[in-house]
Each structure stands twice: as structure tokens, then as C-alpha cells.
Amino acid sequence: MDCLLKKCRIRNSLLRECLAECLGVYIMILFGCGSVAQVTTTENSKGHYLSINLGFALGTTFGVFVSRGVSGAHLNPAVSLSLCFLGRHPWIRLPFYVVAQILGAFLAAATVGLQYYDAIQHYSGGHLTVSGPTATAGIFSTYPADYLSLWGGIVDQVVGTAALMVCILALGDSRNSPAPAGMEPVLVGAVVLVIGVSMGSNSGYALNPARDIGPRLFTYIAGWGEEVFRAGHNWWWVPLMGPCVGALVGTLIYELLIEVHHPDMGLNLEFSDQGQDNTSQPEVELGTVHSEKKSTPMTDLTGS
Amino acid sequence: MDCLLKKCRIRNSLLRECLAECLGVYIMILFGCGSVAQVTTTENSKGHYLSINLGFALGTTFGVFVSRGVSGAHLNPAVSLSLCFLGRHPWIRLPFYVVAQILGAFLAAATVGLQYYDAIQHYSGGHLTVSGPTATAGIFSTYPADYLSLWGGIVDQVVGTAALMVCILALGDSRNSPAPAGMEPVLVGAVVLVIGVSMGSNSGYALNPARDIGPRLFTYIAGWGEEVFRAGHNWWWVPLMGPCVGALVGTLIYELLIEVHHPDMGLNLEFSDQGQDNTSQPEVELGTVHSEKKSTPMTDLTGS
Amino acid sequence: MDCLLKKCRIRNSLLRECLAECLGVYIMILFGCGSVAQVTTTENSKGHYLSINLGFALGTTFGVFVSRGVSGAHLNPAVSLSLCFLGRHPWIRLPFYVVAQILGAFLAAATVGLQYYDAIQHYSGGHLTVSGPTATAGIFSTYPADYLSLWGGIVDQVVGTAALMVCILALGDSRNSPAPAGMEPVLVGAVVLVIGVSMGSNSGYALNPARDIGPRLFTYIAGWGEEVFRAGHNWWWVPLMGPCVGALVGTLIYELLIEVHHPDMGLNLEFSDQGQDNTSQPEVELGTVHSEKKSTPMTDLTGS
Amino acid sequence: MDCLLKKCRIRNSLLRECLAECLGVYIMILFGCGSVAQVTTTENSKGHYLSINLGFALGTTFGVFVSRGVSGAHLNPAVSLSLCFLGRHPWIRLPFYVVAQILGAFLAAATVGLQYYDAIQHYSGGHLTVSGPTATAGIFSTYPADYLSLWGGIVDQVVGTAALMVCILALGDSRNSPAPAGMEPVLVGAVVLVIGVSMGSNSGYALNPARDIGPRLFTYIAGWGEEVFRAGHNWWWVPLMGPCVGALVGTLIYELLIEVHHPDMGLNLEFSDQGQDNTSQPEVELGTVHSEKKSTPMTDLTGS
């Protein structure tokens, strides 16, 4: 058995990282969209909005646990973009990561569609609709509330993703108050939880282009039709563009208000090593750089 | 007192491990089924579906705390089976573990039946039924929703247990992003929480043959009768077979997408020991191997 | 300021420990009974049963944080009794601890009564009653559900406290799977949470003689009258006796099924020190022994 | 990019700390008031009172993560005042901190007002009112319940903030049972959670002058008018004064009951260093002193 598995080993580091991103997003969306399916098809009798928040939060946590040691657990094209922008991730890998993330989200949506097939049929009476009393497209991707204007939707996505990015950068900033070693996935999940609790009602807190477009493509193919792109005055492009802008805004806010002002560590490294709170792990930066630093050189030596 | 207790000491490692598995499952089901009993008998006034999710999640957490250092805290025949399959647990111990797990679940169901005796009598008017408005068999084991087809139920159990297994293997994979030392029980509980929140409505997320058949046997004996096996078109065998298949599927997914591709540690062990995130605990693998490594040799020297 | 505070220093270790137990129980009950007051007086509009569970759970967590380093954070006469029984706490200190615990609970109930004075007056129309539609005595101490028989109530308290004790002993057992250093208070709170979620509906999970009798005495004095002792067929003595029996039962279960069977560490201490999971803190046993070991000798040298 | 950011670097330590306090309070209020906006404008369909409790709790957690390494994460004028009183923070910095905290809260309220502009317009029909069925001022700052007397409100704020301060001081007391290194932000959030669950219904648990006056100023300017100061019999000054008194009361309680009685560490430092529970981090006191110790001297050497 062990030998059999070893034969399947892939040595190319980029491919390994893409597999990890794909599985990470898959786990995140499987739990996230699954929780929406449960609440929708049981009409709130087996869960409330808070369980949807928990589904996406813990989905993110375990998505990060599954992939962080291999790919750094971006799980979000907007996060990948910001890290490229900061010089912490090579631009050349960005398109591969994005494709893997969208693929993972698509497959997860298909799995949720399969697992809840009977429930969706029973709840919707067999009519797969995007709006109306038994709409089920909202199980998979996000749609705006009726009252939301286009600008309101853009502001909503930009603010939400900027807040996400500020918190993620703070959790990984070893010179501020970093997350305890190994607890990063839990705390990233907690960020997603609090955003869902405080910024979820306008348009369903996509915050992530892959999380939204992957399942939307699934619903397009699986029977909900073109309406998934037309609904909400062609809403579909907002969760693609908004998060990318928001992540860059959040990155700038954290960098300009906190990170660039940290005292220079070059001159007094010994002193700061002692004074630092996180003596056990002084260099982890969200695990992202970390995976680049560690796994890439290793695999470059041995990889194809 | 201390001397008196010492006299009861058992030196046989297999028996010790079976006792630990039994108590671990007991604690898990005591809290899990207890939470269903509370929500059912108070008609949602002292808890909701989310408190049932919390009951099973924290029940699992403390079941793991109680047994992990001794038996590795499988608490689930499907998990034991997968670990045997991966070569991390001896096949010879599998049947003993399974019996101990089922026994623990049976005893826990009996305790819940005793603790909620008055409440169940009051709620059901003394009629112990499997279906209908005051059905109480669902307190103990799982039954499918009315709309669920047999294939839908099998898919539900396979997907749920596969997701559980992927997350558990990731938490224990020291070359990925392992759980912080000592927090494994909490994070395993969190996996159970998110599965309950996102995959609970179809058939009650058994995910565990022992969790389901133990309490079902109790209800069969305690007055609910043969209907507990007949209900849901003989549903009872699905939570036995589904989780075993699902755990193997999840194991294969994690192994093939993540674990087999980790760079070989044999050549650069020193480097990887430094670079690893979890410097404090580089070898723990879910606590399972760990208990094998530690306790078995020790007790083999002294055991009967 | 600093000098002024130093003058108030008490060197007697028993008195210090009693102050810590008193403040610990005070914090626990202040948050616990406060959450019941909030849910009761707002008629579930600002909280549900789950927020009561969270109130007692996090109340316990911070009660432990406040007192653990000084007194070991028993916070419960039944726990103190069990630790004396196990030889981990001197019998001579038991009565002092119990008095301090009851005093803390009494003062906390008085504070809740003061903080919610307007709310209770408004909700109850000024009539402080123990039963009926606007009963408010249940804010402070526990009363059984209407359907509960006396034996059912005793079983409920014994099972609940036994489960509490098994989990607490497992969290502190350094040869099993102990809580990570410093996280014990959080995990003890999680035990209280899961018990509230799964064993709360029969009689309000007192589990603690001090938690129940202290607030009951307050209600007796503050205007609810003798009915607080007569209600539920003189229920008041059950949450005193039940938890003491339950804690001893739980202690025996954990000792006989798990702890006495741990392989002897005397012969291979070096090996086990390396092999142990919790290398950083190999001797902490729930913080209780710890405080005895550390603070008592010190203060004996200097104390009155 | 990196060079561009470096040019914006500020070397003045006070200014850096004020930026961190401002961003920390901003994050806290953005999530906190956002959760109230979500629950209010969706009329409890996308959240309940518990999600508001989670919003403020996790908002506090991430506010602390964002600022703790730089400014010590007071995030609350009442906490700053108490720390000055204890001699752990220089009085001279107090006014700067307070201004930064109020500014952060004001900006966060403005962001919430922008993000929920459409929702508030839709919910309130365009009428921004402080009381009545579609009142929206309560999204931003706190107002008392109808039944609450002035003295009741003052007691409520004093008790709540005192409880907050006792728990915060316990979490940072290295000779008691301190929070595990790096988990302080999570546990401070948990204190806010339990206070919201148990002391939130009387007047909305402001506990923090900046949290209340900043958003109140925003509502005053943004269209709610003078009524925000007149409502509740000029309630606005209670959440300013009450928390300051409460924080001092809580500080005195913890100091007099616990901290001053710790055995003197001067004479037996070696012994206590070994015996101490928290061997990894024996000097951290809530991160506050810590930032003073670390960043101030460094920046004094290089600062303007």
C-alpha cells in the first residue's frame, strides 16, 4: 500500500502547490456551501444564518490546515494577488494558483449539488431558480440584497476584503502580535466568522473571486441557466473585481499604518530577538512566505 | 486510597487501550445524544440544532482528551479501519477496538436514556416511537429525512466521512500544517462541528458505525422495538457501511493529493527539522502512532 | 500607589487561597447568573438558552484564570472534596475553601440582583416569585423541570458532575493527553459548555453546591422568601448532595478506567520525559497540586 | 514597491502607537457596529443578539492583534487610564491615546454608515431616528433600555467595566495563571463575549468611552441630529464616566484580592522561575508594559 502510494508521487513543486490550493478551496467551499444548503433546504429548522457563518469560517480553517504547509494556503485569488504585489509570491505562479482555486470551488459546488440533490429537488419542487420563494442558486454563489445599489455592492466587497486582508497581515506580522504557531488556520477562520457576522447581509460576503465564480459556473452548467449571470443587474463581476481592489486597499492600510513603521531590526537583531514576544517562531509570515522559503528550494533540487 | 487504586492496575496494553476507547466513545455519545435529548424533549426551548452540533463536537473533543494518550483516540471503527489500511495500526487490534467502541456507545445511550427517562416519558406521553410527531428514537441513532433516497443517503455518509478523514489526516500531518501540540482534540471537535453544520440535515451525520449501532441496539432493547431497524427502508446499515467507505475514500484523497508528494525527508532531515513549523513536536501523527510508539513497547515489557 | 497597595499584602497562604477561590467563584457566578438574568428579563430577545450556556462556560473560564495560580481554581466544593479524597488537597483546608466558595457565589448573586434590579422589577411587575409566568428566582439558583422526579433529579446531578469530573481529571492527567499549558481554563469552560448543552434541561445543571446555595441564600434574604427552599418538593438539597456524590463517582471512573493503568513512570523517567507529549510542562495536574507545591512552602517561610 | 513603502516610515514612537490604537479601535468598531447594523437592518433574519456579541468579541480580538505589538492594544480610554493609575503607562501619553481611540471609532462608524447606507435607507425609509420602531442610532452607539434608571445605568457600566478589568489583569498576571503566549487577543475577545452575553441587555455594554462617543459624534453629524445626545435623559455621558470609574474599581479589586498578595519574587527568583507555570514567558503583562519596554527605548534612539 505504502509503495503503491509512493509511485504516485509528484516532484514538481508548482503542481504540488496547485493540488494543495485546489483541495484547500474544495474543503472550504464544501463546508461553506454545504451549510447554506442545509439552512436553505430545511428552511432554518436545522441551522440559522450563524451556522452559515460557522460553515464558511471553519471551512476556511480546515482549508488552510489542508494546504498551508504546501502552498501557503492563499485559497483566494485576491490574497494571491496582494502577496504578489507585496513581493511575497512570484507573479509567474499567480495564474496557476487562480485556476487551481477556481477548479477546487467548482468541484466543491458539484459535490454539494450531489450531496443535496434530493434535498434541493424536494425543497424547490424540481424548479432550479435564481430568485423567488424557493430559489436555490444562492446556495452556491452570492447575490445582492434587493435594496443594494451597484456602488453599494462594490463598497461592500471592497470594505469586507480590506478588513480581511488587514487582519490576515496582522496575524502574520512577526514584529507585531502574531498568531501563536499552528493556530493561524483557526484565527483566519475567526476573521471569516466575524466578517460573516458583521458584513454578510448586503451581498453574502464573497470576498473571494474563486469562491464565487467556481460555484456560479457549476450552477450555470447544472441547470440554473444564464440567469445566474444576469441576476442582480449582472452582479457576477462584482465579487470578482471588488475583492481584488479590497485586498490591495487592505494591504496598503496595514502596511502604511503599521508594518512599515516597525523599528529596523537589522541593527539590533539580538536585542529584538530577546524582546520579541514570539520567541518560538520569529519568522513565520502567515505561512505563505514560509512555504515559499522552505518547500520551493527543496523541490527545485529534486523536482522535474 | 492510592494503594487500593493501584491494586486494580491492568498491565495488558490491549485491554487498557480498549478501556480508553470505550470511555472515550462513552463521553462522546453521552454529550452528543444528551444534546439531542435536550433539544427534542424541550421542543427547541432549551437549545437548537446548533446546540446538537456543539454537543457532538465538544463530546468528540473530550472523548479524545480522555483516551488519546492511551489508545490514540480513534473513537470510530471507520477511522480504525483507515489507520489499519495505512499501516498505522495493527489489523489484529481492529476487532477489539470496534467492540470496545460499540460498547461505549451502547452504555452512553443507556445513560442518556436513564438521565432523560422522565423527560422522554413526559414528552412522548409514554409511547416510545421511531416516527411521528413525538418520535424519540432520533435522540439515540440517526434516521434519514423523508425525502432522502437510498443512494442519496449513501453519498451523504461517504462524502461526510471522507471530509472528516481528510481533515483529521491533515491535522496529524507533521510535514503540512499540523495542529499545535495538545490542541488536536479541540480541532477534531471543530471538524465534527463544521460537518454537523454543513452536512447534518440529510441523515444526521452519523459518520461513525459505533456511534450509530450502539445506541440503536439500546433503543431496540429499551422499548422502541424492531422499528429502529426497519425505519427509513432499513436505513440502519447505511451508517455502518457508508462511513467505512467514506473514510477510505478520504484517506486516498489526502494521501494522493497531499501527503505522498511531500519532499523526501530522509536526505535532508537536519534542514527540515529546523525549517519545520512545529519545532516542538515534529513526529506526532494524530496521537495514534504516538500512543503505539510510546505505550506499547513499555507495556510489552511489563504486560501479561 | 504601588506602596499603598503593598501595605495591604497578606502573607497567610490559606487566606490568600480563600480570597482567590472567593473571587473566582464570584466571577463565574457574576457572568453565569447575569446571562440568565439577561435572557429571562428580555424574554429571549437578547439571548437564548445557548447564551446562558456560554455565560456559565466563559464565567468558569475566567473564574479559573483569576484564581488558578493562587488556589488551584477548585471553584466547587464537590471538586475540592474529590481532590481531598484523591490526596491531592489537604482535608484541613476543605471547610475554608467551601466557605469562601459559597461567599463568592452569594456576593455575585447580590451583584447580579443589583445590576438587574430595574430589569427584574420591570419584568416581574415588582412581584419576586419562584414559580409562575414571571418567576425570577431561576435567575439565581436552579429548580427542577415540572416533570422531574426526585430520583430523576439526583441521577441528573450525579451523571452531570461525574462527566465534569472525568473530563477535568483527563485534562490534568500529564500521562494521557493533557490540555496545552495555559489553556486549561478555556477547556474547563468548554466542559461546562457541553454539559449545559446536553444536560441542562432537567434541572439547570448546578453541578456545584456553592453555585447553587450561595445565590439561593441571596434570594431567600432579598425578598423571594422561604419558597426558594420549598419549591420543587424541597429541591434545594439535591444540588448540594448530588454533585458531591457525582464528583466522587466520576473520580473513581477516571481513576479505574484510565489513570491507574498508566505504565509505571518510576523506572523509566528519562524515557518518559522525552516521550511525553507535553514536554514543556510535565507535572501540572490541573493547577491544583501545582499551587500547593509552589505557594505553600514559600508562604510558610514568611507567613503568619 | 517595498522602497516606496519604506519612505513613508514614521520613527516617532508616540505617533506610531497612536496610529496602532486608531487602527485597532477602527477594526473593533467596524466589526462590532457592523454586526449591529446587520442584525438591525435584516430584522434578525441574518443574525441574532448572539451575533452582535460575537461581532464585538472578535472585533476586539482582531483590534488587539492589529495593535498589541506596537501600542499594547489598550483600545479603551478607561483601560489606558487604569494602566496610568497603576504606573504601567506614562500619564503624558494618555491624551494622545484617547484622541486616537476616539478617532478610530469615529472613522469605523463612518465606514459602517457607508457600507450599510442602502440597507439603513431601506430599513428606516430614509428617516434616521434615535427611537421608535425603525430607530437606527442604536447601530452606532448605546442607549439605555426604557426601564433603566440613571443609577441603574451607572451601576451597569461600573460593574461591567470592573469585571472586564479584573479579567484583563488576570490574563496578564504572570504570577497567577496567565494567558498562553499569543492567545491574549483571543481571550480578551472572550471576556467581551461573556460580558455581552451576561450584561448586555440593560444598556448595550459600551464599557469603553471611545467606543461610544466616536460613533455618537458620527451619528450627530451624519443626520441623526441632537437627539443622539438628548435620548435616554442625556444618557451620553454615562458610557463616558461609568467605564472610567468601573475600570479603576476593577483594578483595585484585582490588586487587593490577588496581585499584591503574590509571594515576593525578589528573594527567590531562581526558584520561582523554575516553579512558575509559564516558563516560556515570565514577564509579559498584557502586552502593555511589553510594548513600552521594547519599542520606546528603540525609537528614542532613532526617533524624531
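A few notes on this one:
In order of appearance the chains are A, B, C and D, and numbering begins at 1 in each one.
In this text, a contact is a pair of C-beta atoms (placed from the backbone, for glycine too) under 8 Å apart; a residue touches a chain by one contact, two chains touch by 3 or more.
Predicted, not measured: the structure shown is a model, and the values here were computed from it.
Put simply, the chain farthest from subunit C by mean CA position is A.
With rounding to the nearest 5, the Cα superposition of subunit A on subunit B corresponds to a rotation angle of 90 degrees.
Interface subunit B/subunit C: under half of the residue numbers present appear on both copies, so the contact uses mostly different residues.
Averaged C-alpha coordinates put the centre of subunit A at 28 Å from the centre of subunit D.
Subunit A and subunit C, compared by their mean Cα positions, are separated by 40 Å. Shared interface positions of subunit A, defined as residues touching 2 or more other chains, are 48, 50, 180-181, 183, 280. Pairwise chain contacts present here: A-B, A-D, B-C, C-D [touch as defined]. By the touch criterion given at the top, residues 1-2, 5-6, 8-11, 16, 19-20, 22-23, 27, 30-35, 37-38, 41-42, 45-48, 50-51, 54-55, 58-59, 61-62, 64-70, 73, 111, 114-119, 121-122, 180-186, 280-281, 284, 287, 290, 293-295, 298-299, 302 of subunit C touch subunit D in their complex.
Put simply, subunit B touches subunit A in their complex at residues 48-50, 53, 85-87, 145, 147-149, 152, 155-156, 159, 163, 166-167, 170-171, 173, 175-181, 183, 187, 190-191, 193-195, 197-202, 253-264, 268, 271-272, 275, 277-280.
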